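Below is one structure; the comments refer to it alone.
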Amino acid sequence: MTDGLTHFNEEGRARMVDVSGKKDTHREAIATGTVYMKPGTLKRIEEGEIAKGDVLAVAQVAGVMGAKKTPDLIPMCHPLLITSVDIRFKIFPAGEDQIAAIEVIGTAKTSGQTGVEMEAITAVSVAALTIYDMCKAIDKGISFGKIGLLRKSGGKSGVYTRSEPIP
Amino acid sequence: MTDGLTHFNEEGRARMVDVSGKKDTHREAIATGTVYMKPGTLKRIEEGEIAKGDVLAVAQVAGVMGAKKTPDLIPMCHPLLITSVDIRFKIFPAGEDQIAAIEVIGTAKTSGQTGVEMEAITAVSVAALTIYDMCKAIDKGISFGKIGLLRKSGGKSGVYTRSEPIP
Amino acid sequence: MTDGLTHFNEEGRARMVDVSGKKDTHREAIATGTVYMKPGTLKRIEEGEIAKGDVLAVAQVAGVMGAKKTPDLIPMCHPLLITSVDIRFKIFPAGEDQIAAIEVIGTAKTSGQTGVEMEAITAVSVAALTIYDMCKAIDKGISFGKIGLLRKSGGKSGVYTRSEPIP
Amino acid sequence: MTDGLTHFNEEGRARMVDVSGKKDTHREAIATGTVYMKPGTLKRIEEGEIAKGDVLAVAQVAGVMGAKKTPDLIPMCHPLLITSVDIRFKIFPAGEDQIAAIEVIGTAKTSGQTGVEMEAITAVSVAALTIYDMCKAIDKGISFGKIGLLRKSGGKSGVYTRSEPIP
Amino acid sequence: MTDGLTHFNEEGRARMVDVSGKKDTHREAIATGTVYMKPGTLKRIEEGEIAKGDVLAVAQVAGVMGAKKTPDLIPMCHPLLITSVDIRFKIFPAGEDQIAAIEVIGTAKTSGQTGVEMEAITAVSVAALTIYDMCKAIDKGISFGKIGLLRKSGGKSGVYTRSEPIP
Amino acid sequence: MTDGLTHFNEEGRARMVDVSGKKDTHREAIATGTVYMKPGTLKRIEEGEIAKGDVLAVAQVAGVMGAKKTPDLIPMCHPLLITSVDIRFKIFPAGEDQIAAIEVIGTAKTSGQTGVEMEAITAVSVAALTIYDMCKAIDKGISFGKIGLLRKSGGKSGVYTRSEPIP
């Protein structure tokens, strides 16, 4: 049985599924991801931000540009015209576990025939990769994860809001 | 004090740091990441694989191509000539928590003036994004994480092997 | 007289012709191309497919991604939003001439102001280039050709179906 | 048995093969392809050329730029630094079969660890696609083919010169 | 007060502003820029043009392709579907100041939710960069400037026509 | 006579000239360009900068990323591996002419067979385009110009330092 896994054609290989019959509707998606680092790394980022050098500013630009590259990165993803992308950050100072964190929240919108989940999640991933790249010289153990969809609206399947936590 | 955070210039803004003085050496990096899904989603992927339709085959191609796009995605990342990229998968059937998982392991090599960590981590991220994209129609709660470097070698800083687990 | 060759402006140089006045209609195009190889090369591809290593799976992904790159490759080609791409293969074992062949058939759809012929033909060309690349180590004489449009529909000029064979 | 088809890893999936151990040598490749059209289409191209509007000038630029995009188009293709690309055309007026033709000859050079065959063949393919695109409005039956390698030199496998004709 | 500078979000960082509520209208923009060179350089370009070698033909192709890359180059720029791009040149032989010039005029059109100013200006910039690149071997002092918008129409803000000269 | 204008082949069309015989040397280039705007626009940019929203931060990221796209934008430009890019800004408050200005200075380095002038000039152009894009909503008359090379070193032709002003 293959219904559901609609990226495969009859021969069992991949294709870009046909969305010709879908309606143009307003669509929106919000995704999240978190970068984990040493407390000292977060301190450096925050100090840099005050002094105009700004890891998060670069990550934000990278995330917005990454959202636009989504169909170029993900093979079976449909091209669409993004009408809005926004990247925000939440800072989590280290607790007893000595792990500091920055949550990246990405929002994308479009008016089109397919959803913008992948754009929102790609924006978050590229922003996280950029934070990683800019800090890896001082923190080789830096990592990121908990990347997933928080909410989406628009399209035939309606509103989705994540209820369970991301593993 | 700004030493260490070498992506910033004197005005505190971002730049691509100067690696002109670095030597061409053989460099290698191995990265990891994990996609979490419902047990039924993993079952579908595995069945598809047998029937020639292959989520992992598409993810693998996407990961290799993503590695080549690294300097185009990450603003301050130097371009380099990758000499090898390999993506492997490990399947983890669901335990009591009812969460199945696929670990993505990416290896990249180069002979150049800068390391290939970002290429390996980008390969893993793009492969994970692709698995996500191909399964999201049947599993809206799918997510991925635990993305980080396992090992790197080559260059002035020598061999790094991750000791602590990825949060 | 310059009518017909509409890519040229008054000075005789190239431009992207104005399609502002055209209507958004559903458009579809089917293209074909054939890769020629030694019988032993085809045998290897087929064995690889059974054993999960799959030249055609990679070519299929490349063809779909290539279709999305069409306006980036072909200078005067308009950007459009593809709504579907599908790549199929037909195997032709060698006859007396000892030439085996794989036909690549590419289908592309859109709802837009310009046709998707170039997307379908680019998909076929990139899939053929990929088969070539993956087999060239064992078959230096591999080649491809007979690339052309089989059918198109949608738009002012209506349905076209190829009647004559491709030279 | 998998030797020869070196793009596959142990699990039978695709990878970018390791060329880390290969030497930088001067490498060169010459490829060919032919566009077939109505005699009237060729006449239009030639008249345009005289009057400064120049299908072949655009195709030539597209071919050179296409060569630079090779590793972005072909999944398992290594990135390399092209040191030269040249595209030439030979005009073949129609004979009794009423088929006119333009042969596209592409030459690419590099000093690197992998060959430039794919760059030369991609250059030819993109130039052919461009001629097709610019003439399709007046000649829906236009097609192209006989794309293959004429000659390559450099690297461990030495000089290859095509002896048999392209099917 | 932040109104007007709409690319910034509440935290003061950059975002791609939301145009979801804007209407699809026909939009057009005309931009200009000028390349300055030695009289002998212009003479060479003109001679080359007659002899079919054509700096301006390459610049024209580059400008059209550059227009399509606008959202990939400019971080906060929305993607849109260009329906027309045209590049024209005006030759200005040197006067007493011994400075020859080529004015580049770029026109872009779209039917969409955002304007095409950036596409027209990017087209002009990339055409100027290309003229620069092709002539720099014989004229190291070549430069370009006076890049700005001449006219735009469509969208809520209506028609704009430049009145003051470009500095 | 065609010597000097080395981008043309014997048929008078464009090619990527052969640099195979050139030596890898350390090369560096510094370019300049200036964005002109209303005094009020500059004031807004400066206030934004203080409040963490930073037109120049986005322009700087865009300039660095633009430098990496140079061979993708400029048809006959050779690909090379940039080892450093830096973008700086100088603020010029308005004088009596009521024109404020921001000078963009871009530096690029490489170790390769061709110069990095085009990378430095492209970095400056893309940074200027980005400033333009981010301010055009409040200043439709914004423009940029005086783009040229200040200095280059490395390679056979040695050091060049601009003596004359840019027109």
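Labels for the chains are A, B, C, D, E and F, by order of writing; each one numbers its residues from 1.
Everything below uses one rule, namely that a residue touches a chain if its C-beta (ideal position, glycine included) is under 8 Å from a C-beta of that chain, and two chains touch if they have at least 3 such contacts.
Model, not experiment: these values are computed from the prediction.
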Contact-pair overlap exceeding half with B-F, pair selected from B-D, A-F or B-C: B-D
Pair exhibiting more inter-chain C-beta contacts, E-F or B-D: E-F
Computed distance of Cα centres, chain E from chain C, in Å: 32
Between chain C and chain D, centroid-to-centroid distance (C-alpha), Å: 15
Where chain B touches two or more other chains, by residue: 11, 13-14, 52, 54, 57-58, 61-62, 65, 69, 72, 75-76, 81
Footprint of chain F on chain B - complex, ascending: 9, 11, 13-20, 71-72, 75-76, 78-81, 112-113
Chain F contact footprint on chain A (complex, rising order): 49, 52, 54, 57-58, 61-62, 65
Touching residues (chain side chain F, partner chain E) in the complex: 2, 4-8, 11-14, 33, 36, 44-45, 48, 51-55, 57-58, 61-62, 65-66, 69, 72-77, 97, 99, 117-118, 121-122, 125-126, 128-130, 132-138, 140-149, 160, 162, 164, 166-167
Contact set on chain B toward chain D in their complex: 26, 56-57, 60-61, 64-65, 67-69, 81-89, 109-111
